[in-house]
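Next come two complexes, and both contain chain A; in the first it sits with chain B, in the second with chain C.
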Partner chain A sequence: MADMKDTILEYVKEEYLEDEDEEIGYNTPLISGGIVDSFSMVSLKKFLETKYSISIPDEKASPEAFDTVNSIVELVNEFLKD
Partner chain B sequence: MSNIGSYEEQIKDFDWSISEKELGYKDGDVINIGWYCSDRICEMGKADKTAFIWEGFGGQKKQYTFNDIRLAGNTIGSYLRGLGIKDGDRVCLFMDRIPELYLGFLGVLKIGAIAQPLFSAFGDESLHVRLENAETRAIITQRKHVKKVRKIRDSLPHLEFIIIVDHDGKKPLQEKEIAFSLKDADPVEEFDIFPTKAESPSVLHYTSGTTGQPKGVKHVHYSLIGQYLTSKWVLDLQDDDIYWCTADPGWVTGTSYGIIAPWSLGVTQCVLDTGFSADAWYGFIAKHRVTVWYSAPTAIRSLMKAGEEAVLKHDLSSLRHLASVGEPLNAEAVIWSEKVFGLAFHDTYWQTETGAIMLTNFPGMNIKPGSMGKPFPGITGVILDPETHEPIQEPNKPGLIAFKPGWPSMMRTYWNNEETFQSKFVNGWYLSGDRATIDQDGYFWFVGRDDDVINTGGHLVSPFEVESALLEHEAVAESAVVAKPDDVNMEVVKAFVTLKPGFNQSAELELKIMNFIRKKLSPLAMPQEIEYMDNLPKTRSGKIMRRLLHAKEWGEDIGDTSTLEDDD
Partner chain C sequence: MAYSDKVREIYKEQLKDIENAGIFKQERFIHSTQAADIEVEYPAGSSLKKVINMCANNYLGLSSHPEVVKAAHEGLDSRGYGMSSVRFICGTQDIHNELEKKVSEFLGTENTILFPSCMDANAGVFEAILGSEDVMISDRLVHASIIDGIRLCSAERDTFKHSNMEHLEKKLQLHADKRLKVVITDGVFSMDGDCAKLDEMVALCAKYDAMLFVDESHASGFIGKTGRGTHEKYGVLGKIDIITTTFGKALGGASGGCVSGRKELVEICRQKARPYLFSNTIAPVVVSGVLKVLDILSRSTERRDKLEKNTEYWRKGLTEAGFVLKEGDTPIVPVMLFNAKLAQDVSRDLYEEGIYAIGFFFPVVSKGQARIRTQISAGHEIHHLDKALVAFNKVGKKYDILGKTKQAILDRYGQ
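For the complex of A and B:
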């Protein structure tokens, strides 16, 4: 779990964070905080699907589900269990 | 009673002098949008009225009176003038929706320079082509975006100043960079505003076409005449309104109706600079008692997805008028808004080139859900036969949306591209590039684009630009980009690619290519899907047949394929 959290957090920092001085954590709002926009969310979803060999249905990929690293981990786990 | 009163009465004997008179402008006078949006309102006795309520993420909040925005415009203008920036120079505003963007816009205009707002999510290549074309002399930006400017500054010989509005001193400034802090600057009370005239350039907005690089649409200070009256009659802005335009000033709606409209009318406006969240948006409306809300179909459809429960959690009773722009507003969205807000979203239609609203559903008008409405008074809008370019008289027959040139806010040219500008006019009509029908009651109904430009979330993306950027990726041999239908954004970008030898088709590579485009161009331009192909369909002369791929995505008949290259 901790590995997955860190992997996703690092990916978000590397790919989406424009301000390199900004500190973000597992509960930092990504979508509502403006770090990841709705268009870029598609690439984040693609990353999760590729990395964890899962398929996330579009209706589950809501801005709320993608809003923090913690909520993303919860979403990924939901599909890993299947 | 709405400001327009009766549409039928207003279109009789309409003259733009109505707007000139209300603004106290006479032919030949000085007309400076920066002055009209701040100093004039103060002179009208509203100096202490709230002009601007701004909220950022995490509860950040700032509030400005009309006198505050007057002083801020003076202060920024004075600073720029001190650097040697003068009338006619292009000054790029490359910021998130922070107060400096809105106030900087006024400052740039007050010195007679040309404001060049650019969407802050643009990648370095998108930024480069626009700054290079405009020969921009200064860019005002934030610390978080300066990395993108640093990547390209050495290849922009005209760029002399990179002004950072939130430099914190933790890291040293680099070549051409200077720090400017509005809150630390001494407010400039008396300021010699540059005496711009009607045809003096004011704003340069870039828009994408099917081919070639983005075009810089040049607007002039006289555009105010159109923006003022359309705001008054279409958005129905009144003195006690609290107005919220959700558009980013990196695009034309965000300047014409997100800065100029409310402030030229002396109306209080709110701005929320955070990412999208239905709860945050409704909470913002409730908190500030927003009365007039101008948004976009993509946002409205996203709110629909969030459901009615999200609406019921908030007191939205302050809302009295809703309008939409960016792409056609589907009938379901109009019906939904009537149901949940008790108010219909009024669709408006216009473009970067038109500078102001051209077709619209007016307050008090019988709305036909899904229709674009009728022409604004003084606007002659028709549907042209695509072959003859003559107006079609027959109702419901599709053709090209065209307008008779001469409205005040019409673009004056494409920057350094007069030839393309001239090509937009045929038989004395301005061609919008969109297709529609007119019904028996005079309502316009959108049919589609007349070219391959992709309208995603209300923003135009050039397939040519994305295809060219794709070819810069090491794995891509050929590319073709088309629009793909999307429930929320109307269209999204889809790419078809063939790979160079040594590269294998994989999901990992697809993700790498997507991110490559996102960073180079923008999130809007990033293909939401990439399909690998062994060969792209081509004509016998080797031209990629984008039309076939588009038809495939939309489930349309592929039409004549007689010129298709043999499939060996």
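For the complex of A and C:
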């Protein structure tokens, strides 16, 4: 699902980066790296749920699970399966 | 004894980490009143040094103003030292009520409720007025006390990019289904000194039926033609639903804060806000001082006008010297150094030159955004600013940063 990876990366860039920020990749730490703060995670979760028609329970939407684009893809796939 | 060696080690370790990260905070003891000229003991135990204070929130120079001090003395004599009670039991004097009315008049709002501090106002207001069906949409650079208030509230949270109105509008659309929506911002942002675009925000909030919350701590008393705040500057007096502000900065600098705005919201705070209900009333001496401050400010705009002139002079001087500044026109003037160590070195050298100005770096500001935040006061005279400019020039030359761009400074010193 290279496609999903890019879609999520694109969203993260658009939603969280300011013009002067540096580039980020699939493994850039988003939350522990201070790019996405805990309040701002909400919109990322909402985006994933709408885009992929899934529902992520709050306890699964942990800062660790949301920390990189790769881990987010993993999380989404987990819910796409069932 | 439960404070075992093992427990002690855990805390010692944490303190060491803070020191190793170079962010250990040390207090400097000031032996004088708060003013442009102060006497400082630093490091602890050393002899007193006379320096010019360039980092106080004493924007209007009222912290030690004789009229304010006199009014505080009179308040002390007539209303005593303390009240030993929260407001709603037996901690409300006539002057507390009077101050709430005077603040409402000054800010152009329907009603006001005092809090022990603006930190407390911000910590208590959201939980009091919102529930889980609601949403709080905050600017990503709001003050830490607002972040704590948001954390204490069960409403959904979201953010928008700093001062980015298109992004805010998207968020208002995204949350259109919520019962209540509150957009949250600082009026003047304390680290960058820029203003929220309150005219555009008022319009967006009207379009999407959202309330607007503005923290005016770094604006009340001097922003706008008559110093009412950022809402006056942007022509939206009377249109801000919730204002919080502090008496601990321009308005006398002692302590205390308030929530001011729509009367129903203020009344709900009086019934439900926990820092109001469960913390002691503001001391009569402070209330008396703030009353006098509002009296002085309503009489004349002389002090905020002088502050505006001082600010222009200071910004011009630093720009001509070749420093990189954050653009703006408020008395918060950040001198950008980008590198954390450079900011600390420059601050230390300025102190040697008799100028007291503090460096800020990550985590207080983003990485690569280290700076010296200077704050101008109506208590400064041109000779203070001239002396400070000489010192900034000298230190800037030493580090070879005058006339250098952000990139050139980063190339030389790194992030």
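Observations
Going forward, the second predicted complex is superposed on the first by the 79 of 82 C-alpha atoms of A that agree within 3 Å, B and C clash if a C-alpha of one lies under 4 Å from a C-alpha of the other, contacts with A are read in each partner's own complex, and residues count from 1 in each chain.
Assume a contact is a pair of C-beta atoms (placed from the backbone, for glycine too) under 8 Å apart; a residue touches a chain by one contact, two chains touch by 3 or more.
Fair warning: this is a prediction, and the values are worked out from it, not measured in the lab.
By the document's definition of touching, both partners, chain B and chain C, reach A:40.
Touch criterion met: A:18 reaches chain B and chain C at once. Of the two partner chains placed around the shared chain by superposition, chain B is the only one that A:31 touches, whereas chain C remains out of contact. Put simply, more of the residues of chain A are touched by B, taking chain B and chain C as the two choices. In the superposition on chain A, A:49 makes contact with chain B only, while chain C stays out of contact range.
In the superposition on chain A, contact is made by A:63 with chain B only, not with chain C. The intersection of chain A residues touching chain B with those touching chain C, taken from the two complexes, comprises 18, 34, 37, 39-40, 42-43, 46. Contact residues of chain A toward chain B in the complex are 15, 18-22, 29-40, 42-43, 46-47, 49-50, 62-64, 67.
Residue ranges on chain B touching chain A, taken from their complex, read 57-58, 96, 121, 143-145, 147, 170, 273-277, 280, 302, 305, 456-457, 488-489, 492, 507-508, 510-511, 514-515, 518, 523-524, 526, 528.
Across the interface of their complex, chain A is touched by residues 138, 140, 147, 150, 156-159, 161-162, 171, 174, 363, 366-367 of chain C. Interface of chain A with chain C (complex): residues 18, 34, 37, 39-40, 42-43, 46.
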